[in-house]
Amino acid sequence: MSDEVILAGQGVTRRFGGLVAVNAVDFEIRKGEIFGLIGPNGAGKTTLFRLLSGVYAPSAGSIKLAGHEIGGKKPHEICALGLVTTHQIVKPFGEMSCRRNVLVGVQYGRRRLRRAAAEAEADRLLELTELAPHADTLGRALTLARRKRVEVARALATGPDVLLLDEVAAGLNPTESARIVELIRRIRETGVTIVMVEHVMKAIMALSDRIMVMDLGKRIALGTPDEVARDERVVKAYFGERAVA
Amino acid sequence: MRLAEALISALLVAGLYATMSYGLALIYGVMKIINLANAGTMMLGAFATFVLWQQFGIDPLLSVLIVAPIFFALGALIEAAFVRRVAGSAPIISLLLLFGVWLVMQSLASLVFGGDVRAVRPVYVQDVIRVGDITIAYTRLAVFLAGAIILVALELFLRNSFLGRAIRALAQDRDACALSGIDTRRVSMVAFGLGTALAGMAGSLLTLVFPFDPDFGRLFQLKSFTIIVLGGLESIPGIAVASFVLALAENLTVTLSKPALENLVSFVLLVVVLVVMPGGLAALVRRRRLA
Amino acid sequence: MTAVVARAQRLPRSARIWGQVAIVLLLGGAIALIPIIDERSFNLQRLTFFLLWYATLATGWNIIGGYAGQISFGHAAFLGMGAYTTGVIWFTTKTDPLLTVPVAGAAAAVYSVLVGAPTLRLRGPYFAIATIGIGEATRLLAVNFDDIFGVTLTHGVTGLSLPNYDAARVHYGMVAVFIVAMLTTIWVRGSRFGLGLFAINMDVDAAETVGVPTARLQIAALALSAFLSGAAGALYAARQQFLDPGSMFGFDRSIALVLMPVVGGLGTVWGPVFGAVLYSVVQDQIQSLVRNPYLPTLIYGVLLVLIVIFEPLGIAGLLSRASDAARSLVRRRPERVR
């Protein structure tokens, strides 16, 4: 990890009608770190992710990826600049084999590989995500755990600097979840910065270098897992007033 | 006075438009599929009314009551026999399926009735009502009132009956409904039946105002679609306003330029909504993204 | 559409592609020989011309409808745009109609981008229904064009009567356009472009996320599709030497353009060709047999419903199943996940 900032938000805001889903949030994510994002339901985590990945345009504020403003750009443009996301509800291409799923990422991502090199790269990613035995299985025929890994492999295939993981451990059993944690560590070792939203506390506490806590659209805490876990406002947001008193 | 007449005329046609469009919107709301057979259903409704009038002398306004249950059953049957089988596939699959159903309806009607243009002309078809300088065709007024009654009755049903509330709940959150023990298959079947019955009744009413042939549904399909895009899905007031806007635009086109261009209006309006005010569509797009 | 890339790829990619190219060239070559072998085989020439014509149209439609999964119910607009472009240029400047084929294709492509750019913002079913409007609006435009603009170009409902033209040359022209269409569809199917279209077909949002420029690709697919339709339209003008809005822009045409690829096999290379064969046979034979203009439509409607429910890959899917069954009789193969 270095001190170089790769993804920075300033006053990031998104309104839906009268509702402020994300309210003037600031953050700086450093190159190579695993950055966790937590908060109770309705805190604005998913909205923030959608702002980062380009599904929504921010109502106000700026989002900079390695110095480039990406707020309001389209998802494919943001992908080309080096930020890619996985979907909370996994969306593998159902009628494509795993290999072709990954190939889409390789061929449309930042690396314009020739066909042979692209196929080799797809195979390498299937290896990394332990999907090699299922390379020819159709997306819709996979188990949830494997779909999630296809989702990760396909995103990784675009050659990102920053990878957003939206609840990749949700819905998995402890064994599967442990394997995903292992995978995320391996990905980080390749130098990719990871930002993750997760409800599985064990996973996020174990993995994250730093964690940002959101509640009601605002940032209420930012720090190492230990600092955050001791933070009074965080405990209050999660467990209510009385737990603190 | 011509403006007043145009406004009233548009309002009266809008009643019919709203009836036919709401069937489309109801089915979309509950099942998230576009019922391409809607126009075919209208056409069959019109022919059923034609037969009832020709063979038994039943007035079109009365035959609405006969058409409604028959078409409800037809819709429920189509849902159970075909649509249910492709539930969960890509949206275009159900679209193609219902396109096939439409073709079958259209060709069957052609085989039975031939391709001629028909009209139902009861004795009162020429009657007009005069209010000051304004003349209103009696049939248009009757069609408007019938459409309004149908929609109000439907709204009451959706708000007050258990089944109606289940339909509305399903339109909002299918998964939650399944979890809370609502029989989503049965509700889907009822919704499809209701949508089909609405289209059939719209077809009945239409015989009093427009001539028709087995092929006429295409334009009305487009009109219904324009109306639900303009007015937002799943909202009776929105659909009513959009129906009025479309009817007025058509009326003005006929008065101010060429009658032949009347049918262009719905398409032009659709494109204008999409290009100039994509906000009108924003809700639609957002719903799809969240889904 | 769903079941698109499902069936396994047994041969190496390049061998498969060159094999398909060889089949196309052989088929085209054989049909091109017909007027040379027997100059007076008018019936066979007519039959094969329309076979290739329908196959070209279905193949063109398949690029946007089958590969990208955006169903168009208004493709007659692009067919008619091409036909009228050639017709009007031929009529007014006496240019050889075969020379105008690329122009006709380009005109249809440009037109498709103009109407497609706003409507492709709509997804799936919404785009499909908007295309009904495109078809209808274009027909009305063709009917009223001369009145609206105060010129004499389309001759409205009376139709545009064109000079005579050598039937054999039209035949060769059709073979050439068919070959171009097939090479295009084979290339798209195996290319990065095609991969992007399939991704869009399956999930627009997911495709966009991993870098597929979905809007641009869909418009490109529509333009390519319209180009082929327009080129086919040009050949129709040269062969029939008469154009009228009803037969060019009619909804029946658009319906046929949907039916052939869907019945044949959506998103496959050969499906549209199978569909075209079936369609021309039904049009030609059954029609003259029973003399009822509505029966074919009934057959298509029933076929469409059955195919969508039981075999979304159409005739191509049935053939592939049959060949799978035959293979498994010969030797037991390792189980494949379908």
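Descriptive notes on the structure:
Letters A, B and C name the chains as they come in the text, with residue numbers starting at 1 for each one.
Here is the rule we use: a contact is a pair of C-beta atoms (placed from the backbone, for glycine too) under 8 Å apart; a residue touches a chain by one contact, two chains touch by 3 or more.
If you're wondering where the values come from, they're calculated on a predicted model, not measured in any experiment.
Shown here, the protein chains touch in a chain-like sequence that does not close on itself. When chain pairs are compared by their number of contacting C-beta pairs, B-C comes first. For this pair, subunit B with subunit C, the centres built from the Cα atoms lie 32 Å apart. Here the spacing of subunit A and subunit B, counted between their Cα centres, is 44 Å. Separating the CA-averaged centres of subunit A and subunit C is a span of 42 Å.
Among the residues of subunit C, those in touch with two or more other chains are 2, 202, 205.
Residue positions 55 of subunit A are each in touch with at least two other chains.
For subunit B, residues touching at least two other chains, in rising order: 289. Across the interface of their complex, subunit B is touched by residues 1-2, 69, 71, 73, 115, 118-119, 121-126, 128-130, 132-134, 136-137, 140, 143-144, 147, 202, 205, 251, 255, 258, 262, 292-295, 297-298, 300-305, 308-309, 312 of subunit C. Per the touch definition, subunit C reaches subunit A in the complex via residues 2-6, 8, 192, 195-196, 198-199, 202-203, 205-214, 336-338. Subunit A contributes residues 53, 55, 74-76, 79-80, 84-85, 87, 91-97, 100, 103-105, 107-110, 136-139, 141, 154-155, 157-158 to its touches with subunit C in the complex. Those residues of subunit B lying in contact with subunit C across their complex are 33-34, 36, 82, 85-86, 89-93, 95-97, 99-108, 110-111, 115, 215, 218-219, 221-222, 225-226, 229, 258, 260-261, 263-264, 266-268, 270-271, 274-275, 278, 281, 284-285, 288-289.
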